[in-house]
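Structure first, commentary second.
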Amino acid sequence: MDRERQQKAELLQRTIKHVDITAHDTRALIAAFQEMSFSARELGRACEIFERMLRDPDCTIILTVAGSTSAAGCMQVYVDMIRHNMVDVVVATGATVVDMDFFEALGFSHYRGSQFADDSMLRAHYVDRIYDTYIDEEELQHCDRAIKEIADALPPKPYSSRAFIREMGRWLVANPGCAAKKASLVQSAFEQGVPIFCPAFSDSSAGFGLVAHQVERPNDHLTIDSVADFRELTELKMQAKDSGLLIVGGGSPKNFAQDTVVCAEILGHDVPMHKYSIQITVADVRDGACSSSSLKEAGSWGKVDASAEQMVFAEATLALPLLAAYGYHNGSWRDRPKRRLARLLTRD
Amino acid sequence: MDRERQQKAELLQRTIKHVDITAHDTRALIAAFQEMSFSARELGRACEIFERMLRDPDCTIILTVAGSTSAAGCMQVYVDMIRHNMVDVVVATGATVVDMDFFEALGFSHYRGSQFADDSMLRAHYVDRIYDTYIDEEELQHCDRAIKEIADALPPKPYSSRAFIREMGRWLVANPGCAAKKASLVQSAFEQGVPIFCPAFSDSSAGFGLVAHQVERPNDHLTIDSVADFRELTELKMQAKDSGLLIVGGGSPKNFAQDTVVCAEILGHDVPMHKYSIQITVADVRDGACSSSSLKEAGSWGKVDASAEQMVFAEATLALPLLAAYGYHNGSWRDRPKRRLARLLTRD
Amino acid sequence: MDRERQQKAELLQRTIKHVDITAHDTRALIAAFQEMSFSARELGRACEIFERMLRDPDCTIILTVAGSTSAAGCMQVYVDMIRHNMVDVVVATGATVVDMDFFEALGFSHYRGSQFADDSMLRAHYVDRIYDTYIDEEELQHCDRAIKEIADALPPKPYSSRAFIREMGRWLVANPGCAAKKASLVQSAFEQGVPIFCPAFSDSSAGFGLVAHQVERPNDHLTIDSVADFRELTELKMQAKDSGLLIVGGGSPKNFAQDTVVCAEILGHDVPMHKYSIQITVADVRDGACSSSSLKEAGSWGKVDASAEQMVFAEATLALPLLAAYGYHNGSWRDRPKRRLARLLTRD
Amino acid sequence: MDRERQQKAELLQRTIKHVDITAHDTRALIAAFQEMSFSARELGRACEIFERMLRDPDCTIILTVAGSTSAAGCMQVYVDMIRHNMVDVVVATGATVVDMDFFEALGFSHYRGSQFADDSMLRAHYVDRIYDTYIDEEELQHCDRAIKEIADALPPKPYSSRAFIREMGRWLVANPGCAAKKASLVQSAFEQGVPIFCPAFSDSSAGFGLVAHQVERPNDHLTIDSVADFRELTELKMQAKDSGLLIVGGGSPKNFAQDTVVCAEILGHDVPMHKYSIQITVADVRDGACSSSSLKEAGSWGKVDASAEQMVFAEATLALPLLAAYGYHNGSWRDRPKRRLARLLTRD
């Protein structure tokens, strides 16, 4: 018993530290990359487009996040972009928002592990693996329960994921004893009025907690209306003069955010395409999936403007900190109008 | 004007034909692949595991589909697997089910195009591109409107995507004039009692129609409860003695289907891991995302049994027809118990 | 001791069997692929171009092979293409020709293993691993020694790799006791007069044997003149009216074969670009390397004609047998003029 | 005419600038990466291993380069590693050494272009494309001719590529009027006594010049003996106490450098495996090729020591400057013994 505890403790001893973009001024390096070729230049041009987004007073910036970068050390990048007014809306996977961020908000950590570990050994210790990163599954279950607790306390009606995530932020603020890490994405977004959408919200730890909530209260439970998410995000797109996309990974957040242009059109509104767009991904275009599809292809759908788009071929933990630090140290965010878009969608 | 019509017609003259697995007996080729190495052997072993799923009377088979394979010529593969009792549940992206299948059900087609086309020219013609495949955007808007029409006619309450897709199937049966292609996935699944889930349903043409429905009826509209999807799929997992996953692509369908094991556990039920699992993907494990994560990694989470899992490194249009035809021509589906799982979830 | 022997025997019990394209008629399947999208259509179009090459009486067909497909079960595909007059010249890596083919000619085998094996355990048993394929290193050393034996018996002068590989073929014919497998690539090419070039010949088991040869005879040894290879291959290109490339993998064989057009130009000869070209690879264009570079890019260099080129995104063990079988069963090779290009380069 | 000149000049107006690692101190960023996951941590660990190589007084460091990183802005990285005693031997492709570096030594440049350019238009202008990088083909032919000139002036006998590249360096020093860029890789390596090997030397602009040399002098020409390369590199490995590999890309340089361990063994010398090894590549292990093969796999062959190996999943223009700058700014190279290995192989 003790021996097993000991072994598990050894597996989980090296925590992931999130990179701090405010501590690394990458401007000179990016300037050098801009005069090279291949991925270096792609990243260099993406930085230039990102800077244009930040300087454009009419541009609402939408960050989309899929994949596990936030577990892998980029969570603080996202938080800093929210805190320093570099992002107005977030569209993410449930895992990013709940299993990774809300989980860390509760005081838990991710751990540096190995992709070569024996998964049956990990299973025996209730250690979950994401490539070379470990999670304590027993801790993850606290996260599920917190979600259920939040749901249990809310009026039983349909919520967009955005509205529910806002309640998660409110709960963290109201329960400082539970919010062991104040600078979580969910709490920071709540405080800064940045809405977070999860187009596949139940596909995460949130889902576990919410299913438990519904099963326990068959006639008296809240629901997560995914149509409301799309409607709300489209509203934000319609209210923006222009918009820019910063896409990390791909997945349903990418598709969802891109689609708002078409949705507005279907509602009879003539909105411009996303004026700027950047995607960081290693997905290969030849599989024909949305994640890997080029931003030029999105131009054929009328979703993004092909004149200011850039794909960056890199696993995001390498490229995103360089790009976000570039934007941070350039400082254009200081002059950006603060949008607090959450206010457009709620009355509190 | 006429000239533009002509140009558009030239772009859209070569329709995609869906491959017919019943016409290609791949058993001898797969047997040869099983004695080779690399992807050939991976596919060979996946076929062997698929055959074990089909022969195991206790195994509920869950097909998950992400990406655009159904636009690209694999739609009939999925339909044939449903019709020949090779699949009991489908979890897919909204695009697969609505933009691609329901769209073809209405009589529209996908077209063979080129990934080298000029996207601004395509845009000018309202031709949407998926890699080397074209879609007529004007036709796609019919699809959005049909979804709205279905929604408008339903009682305004929360629906799981599964329940709504069932209504789409019912509508096709009830409106044979609209269902130009009878052998659609949605209609076939309705007829065979195979439930289809979309964990990110609004992230598609369905979303467009449903947002229009909600906007038009602010106080009197249906909602899509994504929690209900997860709850229902977990119920199916709990009622199955064993289960197997056939994962095409990755994305939220993969995560969703895998997660049912953990969800059941959280509800206090001790269910076995998915006993068999196969994934066909070109995603690279090194980006740490769910789509690319190995099935062995899923073993660390207790989601899949590592003793019968196989990743196949191939773009699915090449590998899936070979695998599905192998299963079809072996004929074990003839003796499989017919589950009609839709009945467990609905009372009609 | 015995126990170790036993363990090694267990590792090496399942031999790779090479796929027999004459036994699998893939024409109907390829016809179906031609009406789909993505990789299926890419392979379909590649088959069409391959057929055009085979039917064009003026087209010299150059097969280039990099990677380990011949160890992995495609060796017989290459042999059958030589024997059935589907290929006139081969450019390959040293590993393909010596470590894999000549090795099997001597009676040794490759084995089906696992990419998840413990490499230090394999090392302890002198088992070499290529992804999921095993080789007995003790057997490989026989191969090195045979190369040395051949070199020791030849007049000490510069040889192109082509000339040396021809001597390897002659040795196999002259020593039937050593040539346990008559249908090797080296022997078949010798018999059919098909020249084989290795632009990096020493980078293989051949290198081991030849270095030993040179070290033992410091003043009396043969050399491998890589310039002669390029000169000879360019001569063949100059004598051909037209040419087509079938590129498996990429690497130096791809570059070498493409470059002959430019080399001829530098020698003052105006030769046409390679008229047809096909490449099967999973390499990603975004790394800017030659292996992954598109055939369209080669068009900018004047190396290949962009009007009949096709990249196929697939690991070759899956796609090559389908393509080669398509060409075989179409039967156009029956009417192709037999070139026996080796005769142009040697006087024996 | 003038108009065409003008258009070509517009295509070739933005030169590639090579990144200067001495100007970017990446130590703090790498320290942050070491506490993250995925590629960031892989790069972090690679840096740590690189630092160990640099501090180990017994370790000969072998740099291998394949791909086009030197055209793309990393040439100065390689030069700085040579000049600051961070590398003792280079194994590279002919393109890296001749078409890219020697070409720039002659005063020519690479240009920032676009991967979306029309290749037939480029062809019409004699502009060659490497992904998003342009080359003036007319300039490249000067390079071929310089190689021929060097060959014409040398005694006609077999040379290793190493010996010939040394003569290229000597020629640059002796003809300062031709060596427009003094800090070329070839000249720096000559000056610092660092041997450069090209296992497929003729597969490049060198090949064009050398074929022309041989064709012009059928009975009186030099040859490039690829066996001598392998013999010489193995000698260097045998004379080193320990060795480390820094592998950029993969290709024949990777295989060649790894193989020296086995070659020494075959010559009857018991040399240690490469003690440290790092590879930066985006190649996917699942294709079973040498370029993508893991360093752990190389452990099964007894080539590299698995205890200090690290694969880094990144396109090299992004990752290599960070790694090389880390090594540079740590400064351990100041205390490294200077090997000047060229002296072991030549008498001048």
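Lettered A, B, C and D in written order, each chain numbered from 1.
In the analysis below, a residue touches a chain if its C-beta (ideal position, glycine included) is under 8 Å from a C-beta of that chain, and two chains touch if they have at least 3 such contacts.
Given the structure is predicted, the values throughout are model-derived calculations rather than measurements.
Undergrad: Within the chain touch network, how many edges lie on the shortest path between chain C and chain D?
TA: Contact-graph shortest path, chain C to chain D, evaluates to 1.
Undergrad: Which pair, B-D or A-B, has more C-beta contacts?
TA: A-B
Undergrad: Farthest from chain C by Cα centre, which chain is it? Let me know.
TA: Most distant chain from chain C: A.
Undergrad: Centre to centre, by mean C-alpha position, how many angstrom separate chain B and chain D?
TA: From the centre of chain B to the centre of chain D is 47 Å.
Undergrad: So what's the Cα centroid distance for chain A and chain D, whole Å?
TA: 39
Undergrad: Quick check: how many Å separate the C-alpha centres of chain A and chain B?
TA: 26
Undergrad: Pull out every residue in chain A that's touching 2 or more other chains.
TA: 37-39, 68-69, 71-72, 130-133, 282, 284, 286-288, 296, 313, 315-317
Undergrad: Under the definition above, what is the set of chain B residues touching chain D in their complex?
TA: 37-39, 284, 286-288, 313
Undergrad: Quick check on the complex: what are the chain D residues that touch chain A?
TA: 14-20, 23-24, 26, 28-29, 32-33, 35-41, 43, 68-69, 71-74, 110, 112, 116, 130-133, 282, 296, 313-319, 321
Undergrad: Along chain D, where are the residues that touch chain C in the complex?
TA: Its residues touching chain C are 66-69, 71-72, 93, 95, 115, 117, 119-120, 122-123, 127-133, 137, 141, 144, 158, 161, 199-203, 207-208, 210-215, 223-231, 234, 249, 251-252, 255-256, 259, 262-263, 266-267, 281-291, 293, 296-297, 299-302, 306, 315-317.
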